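You will see two complexes here that share chain A, one where it goes with chain B and one where it goes with chain C.
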Partner chain A sequence: MIINHPLLGPRDAAEFVHLGDAAMIDRPDWQAKDAAEAFHDYLYLRDNPAGTYRELWYHEQGDRSWLVVIRDTITHDIKNVELARDHARRRGRSR
Partner chain B sequence: MADIRNSGLAARPFLGGYTQDFQTVRLTEVIDFELVHVAIAKDEIERLTEKVRAESGLDWPAPGSFSTGERDDDSDLRIVWLAADQGMIIIPKSGESLLGTGRTGLADAIGDAGYLTGQTDNWVALRLVGTGSVPALERLCPLDLHETAMPPGTAARTIMEHLAVIILRESPEQFLLLSPSSSAGSFLHAVETSILNTGGNT
Partner chain C sequence: MAYSAFRIFRESLTGNRGWKPVWREPEPRPDYDIIIVGGGGHGLSTAYYLARNHGITRVAVLEKGWLGSGNVGRNTTIIRSNYMLPGNQPFYELSLKLWEGLEQDFNFNAMVSQRGVLNLYHSDPQRDAFVRRGNAMKLSGADPVLLDEAGVRKLCPFLDFDNARFPIRGGLWQPRGGTVRHDAVAWGYARGADRRGVDIIQNCEVTGFLIDSGVCKGVETARGPIRAKSVAVAVAGSSSRVMAKAGIRLPIESHVLQAFVSEGLKPVLPGVITFGAGHFYVSQSDKGGLVFGGDIDGYNSYAQRGNLPAVEDVCEGGMAIMPMIGRARLLRMWGGLVDMSMDGSAFIDRTEIDGLFFNGGWCYGGFKATPASGFCFAHLLATGESHPVARQMRLDRFRRGKLIDEKGQGAQPNLH
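This part shows the complex of A and B:
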């Protein structure tokens, strides 16, 4: 599997570490009334789709960037790769 | 307390100033340089680029590359891209520390546009020169070392025998490798072994 790094170009998947669901980026508001329940879901519940999945990958043997990779879990076809920072900023985070 | 400045103690290179000629490669420990790590302050990349260019004449490197002077000899100043907001400056040793009042004055020039950390004693450097350098290195790291994928001027961080390495391609058959000094001996052994395995007898 080749991951097309947004800054460094195509790199072998062996250079990366796979973390899992990119929903980890959307941390719940700890001051919300339902924070306990929201954190339970955030920590323990994951989708396990047969198909398109949004995942976090870490370029450990490279520039140590976090990436959001959209991958098809059936075919391993990678549809999109972007820096997790850009992804998070688009979702309203400051950094 | 004893004054260690006049004690006669002198720092030794991590590999004792190693140099060895193999059939197709010369492998040398590079000892005459200083290293400074730069973390760019938030949203200050443009200001930092201007300051570095004004002081050194070098551009801040594009991702996956390093910038160096026009002379491009072994002892040139190099700025290496490490990550989106990070770089490493390799400075030919002048006897003065760059972090104080250095010869190039880069530290003063960068000011609050970046955060600097002295790294000189944390890295060991090896230089490979010769036709055997690519065959030896391509067995050690997963990078594509073909010149079309990795032209001179390319810098990358990678792994060689589980050890983290920053690799700079200085010319088609010349590479500079930086690896943590705490594992300098193992790193040298890995590179030597690969050279011997790829036909580089002494």
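This part shows the complex of A and C:
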């Protein structure tokens, strides 16, 4: 697989480490009443879809940026790559 | 009719006209006591042990494709019981004991070959870790043997003992481990279950569950609804997809694991050999091909094929311990889907929906578990209680902090 890095251009996926579901960007509120339950689901449960998947990749052997990659888990076709920072900011995070 | 040498002799005298199909192809009945979703190794062994141990034969096994078309036909055929934690090791030792008596039990030649499994160590700390693992194996009645370098040299003189980076100092040897003809396991269990009255229904994909007020009462299939008192899902690799139809999210990611076979060579490997400093394991099939594999690719996938970096990594591991295989050509390679769970261990449990049971999360080690998995799943379905050796394989163990994490990697499926 080739990941088209937004800053560095096309790079071999072997340079990256796969972390998993990009939903992990949205941590639950630790002060909420159901925080224990929410963190259990956050840490351990996964949607694991067959098809389009939004996931976090870390450019460990490159510029150490975190990327959000939209990839098809049936074909390995990569549809979109962006910096995780841009993705998080669009969701209302400050950084 | 039972298979025997006498039967072969008799058939040879009568033109081999007496052989019958090994299992029936029945139409699904409208209702059963138990429906098993998934006609792979684990589903078929569950059906077999339900009938054999518990006398429950109003059972249907529903398979989307053909029998054994999933991981039971795509693995590297290794059996062993060299785990460490008490939540796992007694289970795998039960499995190895069942493998040992399997062929006589289900009257089918599965070519169970106890040629031994050798895990190499390359440093003093790793030796210490293997001593600990060996002691844990002994607690369950397994048969670990700690070998020093001379012991390994005697067994496998062809290894690269003086490798500059990863010299081979010895190994943990399990003589009772080995390999099994994997397809024959599916066929043997299917035949055994069918002869006891279980309906095995192929080309019958489950498209949904019939759930009424939190109770599962059957399944929707491509061939119409079928009702049952209990529904048991054993579809490792696709567990999340199937259980999502019941609205259940699992602590599982699906990953791709590749396997490889070289061209046929003369007999050279005495048993299964694993590299202790990288991830590479190899055995030699009876046809002579080297059967080997290594790490999972490391990303979620349902593609049943992997990418080249994992191929390179596996081959590097092979070259590091046995450079002699460098001239052998790769004949075939393929990928299988594995349920990578959040702690690297499996599940045999009921679910939050009454009447719906789940078996999965086998990571890359489901094949060796096939007999005990069916044995314990059948026990749970028939008695409502977990089998003693599978008591920790619960779906809610993360909520209770009772993880079974052999490698201590934490909730990161691609590292287990």
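The rule is simple: the second predicted complex is superposed on the first by the 95 of 95 C-alpha atoms of A that agree within 3 Å, B and C clash if a C-alpha of one lies under 4 Å from a C-alpha of the other, contacts with A are read in each partner's own complex, and residues count from 1 in each chain.
Just so we're on the same page, contacts are C-beta pairs under 8 Å (C-beta built on N, C-alpha and C of every residue); 3 or more make two chains touch, one makes a residue touch a chain.
As the structure is a prediction and not an experimental result, all values here were calculated from the model.
Could you look at A:R46 and tell me whether it touches chain B, chain C, both or neither (first, second, both, neither)?
The answer is second: A:R46 touches chain C but not chain B.
Touch check for A:A14: first (chain B), second (chain C), both, or neither?
both
Determine, for the superposed model, which of the two partners chain B and chain C contacts more residues of chain A.
Comparing chain B with chain C, the partner touching more chain A residues is C.
Under the stated touch criterion, which partner chain does A:R64 make contact with: chain B (first), chain C (second), both, or neither?
first
In the superposed arrangement, which partner chain does A:L83 touch: chain B (first), chain C (second), both, or neither?
Only chain B is touched by A:L83; chain C is not.
Is there a shared patch on chain A that both chain B and chain C touch, and which residues make it up?
Comparing the two interfaces on chain A, one with chain B and one with chain C, the shared residues are 12, 14.
Per the contact definition, I'd like the list of chain B residues that touch chain A in the complex.
Residue list for chain B touching chain A: 42, 63-64, 82-84, 142, 156-159.
Chain C touches which residues of chain A in the complex?
Going by the criterion above, the answer is residues 1, 12-14, 17-20, 40-41, 43-50, 53, 55, 71, 73-76.
Which positions of chain A touch chain B when the two form their complex?
Where chain A meets chain B, its residues are 7-9, 12, 14-15, 61-65, 83, 85, 95.
Spell out the part of chain C that touches chain A in their complex, as residue ranges.
238, 240-241, 244, 249-254, 298-303, 307, 309, 342, 398-399, 411-414
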